[in-house]
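Some structures to go through are shown next.
Consider the two complexes below, in which chain A is the common component and chain B and chain C are the respective partners.
The block that comes next holds the complex of A and B.
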């Protein structure tokens, strides 16, 4: 019977579907990405999403959705898609990923950015190693075979300058006969004899071996290399859809070349005295790996039961949702950044997201 | 004896033969002779037809010659001729309520035709009782009340539209109230109309436009009648205009808002087959062409506000608005909805994707529907090569609706024709119990469809199964002509679901104190002679709310209701029957039992000089006597049916 509303858990994803004869809308929640932070719960304009069990409340033998969408309340508007910092929710209209509210500029996207200073970056790839998702990849422009001399030269050479002193050149073609990069052109005319003579140079094929310079009987060839400031070895390619703005790359970069802008401003406070310890649910759910159990460095040293690295935290609040202890974790978001028009609806969402959150006793 | 100014009653008794209806069984001469022996009877006679002109003249002459002041006619039921004889009596100079009719036909000669002796004895008893009451009759004065020259029409389907236009064209002000965002009702959903195959929208939209333009019609769309107070001639109506969140005075219907709206939901108008936005008009020709925001789905993103621009028609803060109007008469035209086919789970509606209802098929085959008129089946969007149409789904079914829904046979023949027209190689089966093609041109249409190759199987389907692979449906039935079970595999099934009264009718029915028949439809005043009136004066019925009917019958009844509703208005005043409840305030304790039992809302308990006293609204009171029977202190009596009058009849019966 149409219209048909359906919600189903299918292979690590929850599909919420509204089917008409000509239009099918699907909200798909990727359970491998959803951390249960609850940002969608607070953002949904129809209050159609509720928090499911997260962390200590759930033993993940089978996938238990950390958020529950009430298909009868959902308007399929896509605000949750725009707000999810983990790219866990997608809206499909007739099978195509589409978010009309963003296309029509009725709502902005959550803002985050990774800036890499190319001058500083040595493409060492440490950032790629520490990235928790697939937000960074190292692409090297290395020759496909090690014997490809021309490709190797390209890594360091901005350009190769090849000059022929035509006053000296006799067009003997010795140079062109030993090198693929050089071609000597001679044109004859019946009336005037030899009329055109050129030495052509293909920079792409030059391996900068300088043999031509040395072999020329007249010393007519001069070859010079304009080197790059930095060798052109490769680059770090960003994928913002995957980035969760944890800043691990920033911390890891030996050249301080990366800047990450997080979607939220504010602070997270761990009241370690309230934490009973031996639970570490927050550590498990934290998508950024920002929470840790401090270890004493010397015998007898007293360390807090739990701690957070503020630099790595992106203020998503998954730990607050998961923590079973009243008041052990407090999250105070002060501002939310966006990309696109700051509509009234966006302002309402920001207001909800900037209310302080405190962990609550389970049940 | 008489309480009317001490005047001695002089009673005349007139016994009617009604041809042989009465005289063939009852010895009318003997009854007349017997009447002469009763106290205060000064004249008695019999005549072949008392209701005829000479019969009435006989009564008038007798009144003059014998100086009669009370008249008893023993004849048919007072429901037929009480008014006739009251008028006769009045013409002779008597108060018309000094008349009493004894029913010796329906309650006597017709039911005791095998026993003339006993019938004659019973006629005497009835006459004796009537005489006993006549002795105590009191003169009553009918009251006149002015009539508000306006009519309320509830429901903007074809019935409400037709009634409104008829009234408005007579120069009468009409308030038309429709609960949906647009008028048009169910008819505007249809594709073609049987048997002429006129395009439904093409014939209805001109009338809808007329409604919107007519200077005498005030249209309240997306509004509901919430309270009705008063009585014929003077109804106070409270109408609630639901917030559209779009200002009717500013919206131009340009549709830019809907273009940008990011929220897509199923369109109720298309019965969920097609989409609409959260800001919408249900269909392009909607009247009024004003957009409405569905707040259940709107997320208030503000894109529509931006698109609307300088018109500033969108107002998220709009509140429900109350409008009060005064009208003289009311027409109820609240229509129908389809029987919920899920109540017949054996047919798989709501379970199997390719089982649809007839109204869904109308949207599917409609050029302005979601598929642009292409017939496709829901599971794969492909044109079905075989379709089974099941008649009487819910209708003529002792477990669901016992009645015939009257339209399904014909619309299903039309559906079969439309499938054959659009998918010529499709096999179409109709499973029926009987084909009821009773209207003008209907039987001819039935023959035409049969010749188009539609296969009619006489038998009710017992169950439907789905092949989970192909999503095809297997229909099981018994072919009662062959006496064999049949099994059909088809790609789509259309359920010709019956009709039920629109559920929105019920609160209106209660507010108006109108009654319903056992089938749930509103009850007419008389099934033959007054099918467009209710038992409540000044309230009339049009269309499907009164019972299943097709479009021609609906239009005819709507015009009849409009005509009936205009009569009190054109008369300018109405006479109120003085047979009403009367409160003796000295006895009334203000307990309020009368208020709770009154079926017409005519009795209210009010503060009178610091004490609670029952008050009767004489215009609303129908004189049923429920309050009088319930009153614990005997404070309420019904005039013309006072306790002493009734007890005198009882005494007369027992002491005769």
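The block that comes next holds the complex of A and C.
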């Protein structure tokens, strides 16, 4: 009987399928990306998604998915696909990845952005090291220069000036005998004897080792290097699909060259006095690494049982979903940013997402 | 609740670790005189669920059971 519905938990994904005569729609949840934040649960217009044991699922303590889609309620509209900040849900229509509701402008995309100021960036790669999601990659334009000293110098040299004081030069060829960048040309005239005084210099081969300058017995060689303003060595390449706008890179950047705009505005509050401690479920589920267990700096110092770095939090709510203690975590989203038409459905979803959330029992 | 906590009685030795470690269980101990019920207790040498609806599925008991006696499953 059509439509034929199916739900299957495969290795790292949950597939929810609706098969009709000519169209097969599949909602695929990538469990390696799902953090159990519950944004899809709140966004689903059909209330087809429920939360599972988020803590146990994300920590891989139990072989269960953090969210469950009820195949009989799902309308395959794609709102969850548009809303998931982690790119964990994909919609396939006849095997092709497609989100008609975005393509037909029925719903906008969740907005996030990451900008890198290329003038300030020194391509140090600290941002790449701290990124938890492979959203940044360091690409070096440098050729293989480890064993090529001349190429290495050209990375930093605008030009190399090589000057020979011909009044001093005696044509001894010591310089050319130790360096392949220098060639001494001797011209002999039968009438006048030695006439040509040419010391040729090939800038491409120079490694700026300055041995020529030092070896010249007459001190006739002067070599100078003009450096580039900024060695052009590479760039940091962004992958916005992977970025979750946590701002770890912004905090790590020593040059303040990165600007991240998060999809949500608001605040998260940890009521540390309610936390029993030692559970650490929130720390483990947080996709941003924003939650930490404060350590006393001196003996006897009282520290809260749990704390959050607001700068790193992107207000997804995974901790609220996973926390087993009532009232220990409060999430108050005030605004949701989007890219595309702010349709009525979007406004409804925003209204649901901006209601305060408090960690509680699912019941 | 969309999931089930299953305790394997054959494996459980009643060591009490799950009772001590459950964050939800800690609450009645933290707030003395509170009428909160515990989620887990050990009775007759076996762990038992008192009120499964209290469970939020954090998985701390599953991770810490030395005998792998606790599982979380979907119906």
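We adopt the following convention: the second predicted complex is superposed on the first by the 264 of 363 C-alpha atoms of A that agree within 3 Å, B and C clash if a C-alpha of one lies under 4 Å from a C-alpha of the other, contacts with A are read in each partner's own complex, and residues count from 1 in each chain.
Just so we're on the same page, a residue touches a chain if its C-beta (ideal position, glycine included) is under 8 Å from a C-beta of that chain, and two chains touch if they have at least 3 such contacts.
Owing to the predicted nature of the structure, the values given are computational and were not obtained by experimental measurement.
Colleague: Tell me which partner A:287 touches in the superposition: chain B (first), chain C (second), both or neither.
Modeller: After superposition on chain A, A:287 lies in contact with neither partner.
Colleague: Touch test for A:38: chain B only (first), chain C only (second), both, or neither?
Modeller: neither
Colleague: What is the contact status of A:263 with respect to chain B (first) and chain C (second): first, second, both, or neither?
Modeller: After superposition on chain A, A:263 lies in contact with neither partner.
Colleague: Could you tell me if A:317 is touching chain B, chain C, both of them or neither one (first, second, both, neither)?
Modeller: Neither: A:317 stays clear of chain B and chain C.
Colleague: Report for A:68: first if it touches chain B alone, second if chain C alone, otherwise both or neither.
Modeller: second
Colleague: Considering only the touch criterion stated at the top, classify A:87 as touching first (chain B), second (chain C), both, or neither.
Modeller: Neither: A:87 stays clear of chain B and chain C.
Colleague: Using the touch rule from the top, collect the residues of chain A that touch chain B in their complex.
Modeller: 1-4, 18, 20-23, 25, 45-46, 75-79, 93, 99-101, 104-107, 343-345
Colleague: Give every residue of chain C touching chain A within the complex, in rising order.
Modeller: Touch list, chain C to chain A: 1-3, 21-24, 26-27, 30, 53-60, 62-63, 71-74.
Colleague: So in the complex, the part of chain A that touches chain C is made up of which residues?
Modeller: Of all residues in chain A, those touching chain C are 50-57, 59, 61-62, 64-65, 68, 275-276, 278-279, 281, 322-326, 359-363.
Colleague: Looking at the complex, which residues from chain B come into contact with chain A?
Modeller: These residues of chain B touch chain A: 260, 262-266, 271-275, 278, 297-303, 342, 349-351, 353, 355-356, 360, 364, 370-371, 376, 378, 381.
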